[in-house]
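In the two complexes below, chain A is the common chain; its partner is chain B in one and chain C in the other.
Moving on, here comes the complex of A and B:
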């Protein structure tokens, strides 16, 4: 049943993404100042927004694991962190490509990209330390602690990189100031939804893998106990 | 014996052990001096450029030395099941953590006090102007390093490749603290005060210390008693 739900969600996500990409590449005009490269925003910004969503889900599930000791929450945490890290990497790569085209450099240490890089490093620590802990309860507990520490650092990172001596070349936010042209708003929103659906499907696949791994580990322990 | 008394007893125990052998202090101070020498080969700068990067240089040295100090925090209790004995004692887990953090703080301050005059000598930086403010910034940032470092030392105590995993976890979380410390230290070396623009990084240091001290004290029980 869960596998069917995953397939249906993945198929729906793929259809929405294909539809949206078709709209972005064939229906929308080139932007006045940036030309065709502005289209990267329909991948770049949804990736960042969805990464934040999944890191927040990871925080909540980490707290729930510590409170309930239910390993399902640990599986949710690791799945959300992995997908969030992947989305953050996508955001960084697409941002670099856009920056090379617009600013002439692959990396400019501007405010937003630096913040995203710091997020990526924080959660890379989580992903690196987790496999190094063999005992499952310890692994789940330590991972949850690391996830909470990492998330608590994000607002501090954002505060730190806004200090007076940091350069800010990045374009201003388009959602709050409303400077996104009307014809771009629907594809932008659909892009966010499509990426959310794809990421959710990936989280479900990963949850299934974690559940299977726990079953294998328990069978292995049972075998060794005999 | 209440929690604070227990924490102080643990801090005194660690400090007494360390001051008798001086293993960590010698290693960390020597490492700091080697890094100072290496940086002098890496950069060949004029006076003004050197002052512009002075805070960054100093805090890189201190953070590398800090990782060596905090790595020993809980690791020294692993042989002969000393950690299990401490956990079985009436002292609460937060007292154990605070005691370790306080002892690491004092040890790192000793290493910083040794390194600072050498730094001033090698790079011809006048550090005695604004000495009170400099000491305040050093103490605040050092507490942040030791609190987060000691918490992660507890997390990684039973992890494979502990000495490698601790820096991987520690440095990304310390980024906002180091940005704040580097900025204020550079400003103080340049003759500025902690008023005006330099008040924001100072508030960042205080906020970082408050948030992570509270988080670590609350979560350490989950880390130590798995």
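Moving on, here comes the complex of A and C:
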């Protein structure tokens, strides 16, 4: 059932993504100031928004694990963190390429970008700590705590371009201020949906792997006990 | 159309797809390893039960 859902999600994601890429590259006009390169935002921003969505899921499941000690929640946390970290890397790399073209530099150490880099490094820390702890309950507890701690960076990243006295190189918010041109809004929203579908399919694959890994651990214990 | 802008647009989308593809390949490799290990352990348990 889960396998079928993964295939359906993956197929749906591919269709939505192809439709959106077609719209972005053939229907939309070039932006007045940036030319063609502005189209990077249709992959850059959806990656950031979806990373935040999956990190929020990881936060909720980490809290649920600590409350219930049910290992399913630990599996959800690690799956969401892995996909979220991949999306954060995608966001950082595409943003850096856009910045090189528009600002003339690959990187600017402003609050938004540094905060996002910190976010990536904190969640990479989570992924690196996990294999270092062999006892399953201890591993899940420790990594849940790290996941909750790492999430503290997300509000900082979100607020970095909204704080009144902070000057950032990064462009300001376009969604809530209405500065995004009306013809860009639909492809933008569909881009977010497409990235969400791709990421959800990847999370399902990871969840399946985590449950197989738990089965391996229990078989190993069974064999050692004999 | 400015060719420099197009080049960076190409770099941006290529980087995005490379990252997603590498992640998927990593998942596939891990899935194969886990499936192989699971099959090996199940066979081992069955062997021990028989003997």
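To be clear about the criterion, the second predicted complex is superposed on the first by the 211 of 226 C-alpha atoms of A that agree within 3 Å, B and C clash if a C-alpha of one lies under 4 Å from a C-alpha of the other, contacts with A are read in each partner's own complex, and residues count from 1 in each chain.
The rule is short, and it goes like this: contacts are C-beta pairs under 8 Å (C-beta built on N, C-alpha and C of every residue); 3 or more make two chains touch, one makes a residue touch a chain.
The structure presented is a predicted model; accordingly, all values stated were derived computationally and were not measured.
**Student:** Which partner chains sit in contact with A:206 here, chain B, chain C, both or neither? Use first/second/both/neither.
**Tutor:** So A:206 only meets chain C here.
**Student:** Does chain B (first) or chain C (second) touch A:37, or do both, or does neither?
**Tutor:** second
**Student:** Can A:163 be said to touch chain B (first), chain C (second), both, or neither?
**Tutor:** first
**Student:** Applying the document's definition of touch, where does A:220 land relative to chain B and chain C: first, second, both, or neither?
**Tutor:** second
**Student:** On the A-aligned overlay, A:112 touches which partner chain: chain B = first, chain C = second, or both, or neither?
**Tutor:** In the superposition, A:112 contacts neither chain B nor chain C.
**Student:** Tell me the contact category for A:132 with respect to chain B and chain C: first, second, both or neither.
**Tutor:** So A:132 only meets chain B here.
**Student:** Who does A:153 touch here: chain B (first), chain C (second), both, or neither?
**Tutor:** Touch status of A:153: first partner only.
**Student:** Which residues would you name on chain A as touching chain B in one complex and chain C in the other?
**Tutor:** Residues common to the chain A contacts of chain C and of chain B do not exist here, since the sets are disjoint.
**Student:** State the interface residues of chain B toward chain A in the complex, per the touch definition above.
**Tutor:** Of all residues in chain B, those touching chain A are 148, 151-152, 155-156, 158-161, 165, 168-169, 171-173, 175-177, 179-180, 183, 197, 200-201, 204, 207-208, 211-212, 215, 219, 222-223, 226.
**Student:** Can you tell me which positions in chain A touch chain B when the two form their complex?
**Tutor:** Against chain B, the touching part of chain A is residues 66, 118, 121-122, 124-125, 128-129, 132-135, 137-138, 141-142, 144-146, 148-150, 152-153, 156-157, 159-161, 163-165.
**Student:** Once bound in the complex, which stretches of chain A touch chain C?
**Tutor:** Chain A reaches chain C through residues 30, 34-37, 39-40, 43-44, 47, 83, 86, 89-90, 93-94, 97-98, 100-101, 198, 202, 205-206, 208-209, 212-213, 215-216, 219-220, 222-223, 226.
**Student:** Which of the residues in chain C end up touching chain A in this complex?
**Tutor:** My answer: residues 1-2, 4-6, 8-9, 11-13, 15-16, 19-20, 23-24, 27, 30-31, 34-35, 37-38, 41-42, 44-45, 48.
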